[in-house]
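Dropping the structures in below, format is structure tokens.
Both of the next two complexes hold chain A, though its partner changes from chain B to chain C.
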Partner chain A sequence: MSASLEKGIHALKEVIDAPIASYFESCVHCGLCAEACLFYTETGDPKYTPIHKLEPLRRVYEQEYTLLGRLKKVVGLSKPVTDAELDQWQELVYDSCTMCGRCSLVCPVGNDIVYMVRKFREGMAVSGHVPDGIRSATKRTVELGGPMGLKWPAVANVLKHVEENTGLKIPVDQAGADYLVLLSSMEIVNYPEYIEALAKIFHKAGISFTLASDAYEATNAGIQIGSSDLAKVIVSRIVDAAEKLKVKNVLSPECGHAYMAIRWEGPNLVGRPFGFNVVHVLELLDELRLKGVLKMKDKLKDPLILHDPCQIVRRGGVLQAPEPLIQQVAENYIPIADKQKLNWCCGGGGGASAIHTEEAEALRAKAFKIKKRQIEEAGVDTMVTFCANCRITIEEGFDHYEMNTKLLGLTELLAEHLED
Partner chain B sequence: MQGPLIDTLARRGVTRRTFLKYCATLASMMALPPTAGRAMAEAMAAARRPSVIWLPFQECTGCTESITRSHSPTIEGMIFDMISLDYQETLMAAAGHQAEEARQNAMKDNAGKYLLIVDGSIPLGHDGAYSCIGGRSNVDMLKEAAAGAAAVIAVGSCASFGGIPKANPNPTGAVSVSDLVKDKPIVNIPGCPPIPVVMTGVLAHYLTFGSLPELDDKGRPKSFYGNTIHDRCYRRPFYDQGKFAKTFDDEGARQGWCLFELGCKGPVTHNACATVKWNGGTSWPVESGHGCLGCSEPDFWDGGSFYKALSAPADPLKFAAAAAVVGAGAGVAVSVANRVKKNTAKATHETTTLADLEK
Partner chain C sequence: MNDLQFLTWTRGPGLDIAVGIFLLGVLWRLIEIYTLGRKKDLAAPRHAAGASGLHTVFRRSLPPPGMLKRSPVSYVGGYIFHIWLAIIVFLGAPHILLIENLVGLSWPALPSQFIGLTAVVTMATMVVMLADRINKPVKRFLSTFEDWFTWTVTFLPVLTGWMATQHLLLPYTQMLALHILSAEILLVVLPFSKLFHGFTLFGSRWYNGRVNAHKGVPV
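Here is the complex of A and B:
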């Protein structure tokens, strides 16, 4: 109950750093980022131009850190940022930005616009301009352990079912394992098949793994809302558990932003290098494929396309693993034009899928038209992806447009066709 | 010289095809539409020969030489055959009273219709006594001849802008044609000397369309003086790359780099040398390794040394050190101020808790 404009501005002053200064100074106002943003291409509304979503941050930078800006502020040419303005910007910086990073990719002067959105959210968070959905997800993650409010007993219950279905033991809190397996709540609740698939593959490959009862949640709502302090609290749980259990590797689940949070933001949040490696599940699977462990008994015949989750591929750098893996299990994989690092976002990343206002949902549905078009142009009935959040968003999109497209998770697909 | 021009040319071995090509080239040089070439050819081939009076004043005859004294007869030279050159001291056979009579007759017979070509400046000092012909001062003759002319063509920098006679300290009080003639259309064709084809271009335009070509603010035909030498110079790419010859015999000079630093006035000189070249397209000053003198611009002789670069400051490094110190100081001050502000913001950071997310 203490969020305020002053705190917000203070936070912005704090986060503005050399990269942000140089980004704002080098922006040439070409507008290429607009064409890279699905919220602009699908609505045609110029307010969704990515760099425009940062206007209040730009003004704070100008007024606080440039001579001309200070002068403009004094003579009234540059208006101070107000609460009302930030309120207006909330939609632009949360509802209509999934931090997918396509704008950063196309920027001709190399401005990382997503980096700035992430920092801008720091100020939005402490000035109280955040969507309720993301705020409550953050609260649940900090207070209860996960964005959906799952507690360990519920997770243990799911694991019991997994053990029954697969006949394989799921180790918990086992020190010295090769991999500490992290999950996202969505996988636990909506896609427990993922855990079954992992157990099967680990068993086949002879790799030891464990779950941690005090750190099973991989997602980090603190990053989505834009609060490094809270994000640090959340990520520290994993770091502490991994170092307590002395595991060699921490395995990020398919979930995109979880990978981003633990692999790329994590060490910066805790302020030191980790004593373990962070591996994305696809990186591990591709390694197993190259070792020849991942042999398939048969292949899926249906023609299908791949949806590359932004935070894993474009932002996360797992560029080479997905295609060989899908080709391993699918006979008729069709590469689409905008694939890999150029892929279009599902529309629900960066916390957007947690916002359940009518406007936000309508906007997501509009933005989803681009995925719909990709599916229709490829003429397929099946799409494969590897991010639980993408899966939820895409399934919502399918429902909205009453499409009969099948959506499959890559890890499960591989486990299903794995040689016995 | 009887009959249409085309017959005259044919007698001299110039085919109709060559003549058409020449007219097309002329038209394109003057930025006229392609059809104008044909119109020109037709108009000129059948032209009624207009009377032209050429008055040479305070000049060196270089302009006349430029147009008439080529190594071999040129079409430019032959174009003169299409005009009735009734008075030209250098070229005419008549002399003395006969010559003056020819001028008087031409002025009387073609009153209001003849073209007046002037080369050389007009001295006004001592009532014009510095340059007299047949006992009459140049200024007197010009005023008389201009009164009955359809238009005046000022050939060369002297007639156009005063030229070298007008250069400081201008002992004769020389002025240009346009300083004296105010009520007639004047075409300036500056250059020391001017390019022959510019002259013929203007004549061809007059014969074809009955009017003078489009002129710029200094009275020069835009089609020839619209660009600077620098704009069209084949050495321009070196300028853009910052490759300059520093002396006339260094590696840069041998490599044909830009002559800007050796004083080339190309960037401020409007003329067509770079595209038309000289001596039948053989070469031109910059191509021969010397910078442009700017001879077709007003007061070119008083513009300082030909070998002084246009915009190089006298001592480029005089204030550099001080400027660098001031700049660096300002930079440090701003960055210290900004750093203090950012660090203060960081130091006063209050750890965000869940309560801070709500208003």
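Here is the complex of A and C:
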């Protein structure tokens, strides 16, 4: 056994807990989880059945933690997990799993499959079976500050443009602000309008905010790769900055995995509860809407549907804010059948969008057919979402299928129609 | 060993051994699984109506929206099989007598003709579900020896029980002994196979419900 494999198996043994044991013992091989997974529904290939993606972890559990499994191991009747097998599983655990968690919502015996995938990735990361795309994004985040290699001077430059475009000051490193605003690289590079939108809304609402020059990146590739050690390093930057600046709240950007990283995994990674609140931007916007601060000068007339990002809604718990907010700004919002916590993933979450092999891209395009169908069935030309990573993936999907659908970001849409 | 001796063995020492292995097995497995524990979630919880471990224990008994259409045999077959089998086990007169002998509790039974019909429906459902397992690519792909084996050890007690009451194929004494033996095999196999989901599914649903309720998501 190679040293890395040994470490990987050890990591898997470490992550196995009572829920995982209970889940594996409960599985009856009914295959219903496949029906909830877009990689199965859009390809018809049974290997994408969610519970199958965990087979090596299941065997480690059986061989290490059950009496029968240990007996089988002693007499040589069990099949050990090998490097070759984990290598083969890389596609199943990363390329074809976005950790969207839809499988966990339908399993009749109650298995939280995505909980297990997240844990399984710990072993995959330690044993070196991680796609290059996510590995390098993680490396850039740890060494440079963000997954796209952005450094502060570049961010400061973008902020300068935002100030010029909005005529509003963007405070940096200001202690005692109400909100420490976090961003994702994707927003800084591709959707700086998001920052403009925030500045306008904060100004209108009279809320103080700041950015931190040493903690602006909210995404956490360490979580996507499955390395809690690296994830902790990344999340600690935010915690340190928030505590140093003594802010009351940390504002997660639209980006879904960023929200998951800071809101739900963050305190568990650093090993203590936070002394500040973590708020998703939509939660804040909905609060402002309820206070009557978020008044619109007009509404968008185009019929449109909403794409609920998995990590914010189904897995993040921001269930109630998106619909009232879209209704606030859109006259013809059409609720789709599988909405809110039942929504289908864009196909690019969980680090998948960072994998740029030909196979992974082809698979993503196939998986995107479900979004295409949702748009076509609703008969709309506009879709609104609130996650920068979903936006990139969806735009790639539109390009691939040569669709003329317009994709809008919810926060920007609200800012655009905000009463002057 | 003649038929009567065989029957006497299955009703005496055989039953004791099977019930003993079943009880100790269940206890052992529950300890093995649930003493692994889990880490406390340090993130500040969000509260939402309908989100808790207990909600999910009940909610998962119904298909989530859209799922019934995607796999009707799994749901309809699953309901019929589990409910009808429970009726046979707990409302068949000889079974109530056995339970009364073991633990002293008893309740009214359903007429034997009805139980016979229930057994036929249960077996027909099991055959349909087996066909679905063979036909459906995902189920076939996931299936291992254990799936076929546990189907067989579940089917045999129903088949032999029905055949004994209908006086088919073998003399009653012999068939009854085979029925009891097959039920004993089922008891022995249950804690150490996927049949154990009958115990762990409550824990699994609770954990899933609890973990997601912490984030304010009713699952």
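Remarks
The rule is short, and it goes like this: the second predicted complex is superposed on the first by the 417 of 420 C-alpha atoms of A that agree within 3 Å, B and C clash if a C-alpha of one lies under 4 Å from a C-alpha of the other, contacts with A are read in each partner's own complex, and residues count from 1 in each chain.
Rule of thumb we're sticking to: contacts are C-beta pairs under 8 Å (C-beta built on N, C-alpha and C of every residue); 3 or more make two chains touch, one makes a residue touch a chain.
Computed from a predicted model, the values in this text were never measured in an experiment.
Look at chain A after the overlay: chain B and chain C clash there.
Once chain A of one complex is fitted onto chain A of the other, the partner contacts of A:Ser227 are limited to chain B, with no touch recorded for chain C. In the overlay built on the shared chain, the residue A:Gly128 is in contact with chain B alone; chain C does not reach it. Contacts of A:Ala321 after superposition on the shared chain: neither chain B nor chain C is touched.
In the superposed model, A:Glu143 lies in contact with chain B only, and not with chain C. Once chain A of one complex is fitted onto chain A of the other, the partner contacts of A:Lys47 are limited to chain C, with no touch recorded for chain B. In the superposition on chain A, contact is made by A:Ser26 with chain C only, not with chain B.
In the superposed pair of complexes, A:Ala3 makes contact with chain B only, with no contact to chain C. Once the two complexes are laid over each other on the shared chain, residue contacts for A:Lys13 go to chain B alone; chain C is not touched.
Touch criterion not met for A:Met116: it reaches neither chain B nor chain C.
Looking at the superposition, the partner that touches the larger set of chain A residues, chain B or chain C, turns out to be C. Stretch 223-231 is the one of chain B that runs into chain C, the other listed stretches 223-231, 277-285, 295-303 or 349-357 having no clashing C-alpha atoms. Once both structures are placed on chain A, chain A residues 16-17, 65, 67 are touched by chain B and, in the other complex, by chain C.
Across the interface of their complex, chain A is touched by residues 334, 338, 341-342, 345-346, 348-359 of chain B.
By the touch criterion given at the top, residues 16-23, 25-32, 34-36, 40, 44, 46-47, 49, 51-52, 65-68, 104-112, 115, 263-268, 271-274, 277-278, 314-317, 319, 337-338, 341-342 of chain A touch chain C in their complex. By the touch rule above, chain C contacts chain A in their complex via residues 28-29, 32-39, 41-44, 46, 48, 56-57, 60-61, 63-67, 70-71, 74, 78, 136-144, 147, 192, 194, 196-197, 200-201, 203-209, 211-212, 215-217, 219. By the touch criterion stated above, chain A contacts chain B in their complex at residues 1-4, 7, 10, 13-14, 16-17, 64-65, 67, 125-126, 128, 130, 135, 138-139, 142-143, 225, 227-230.
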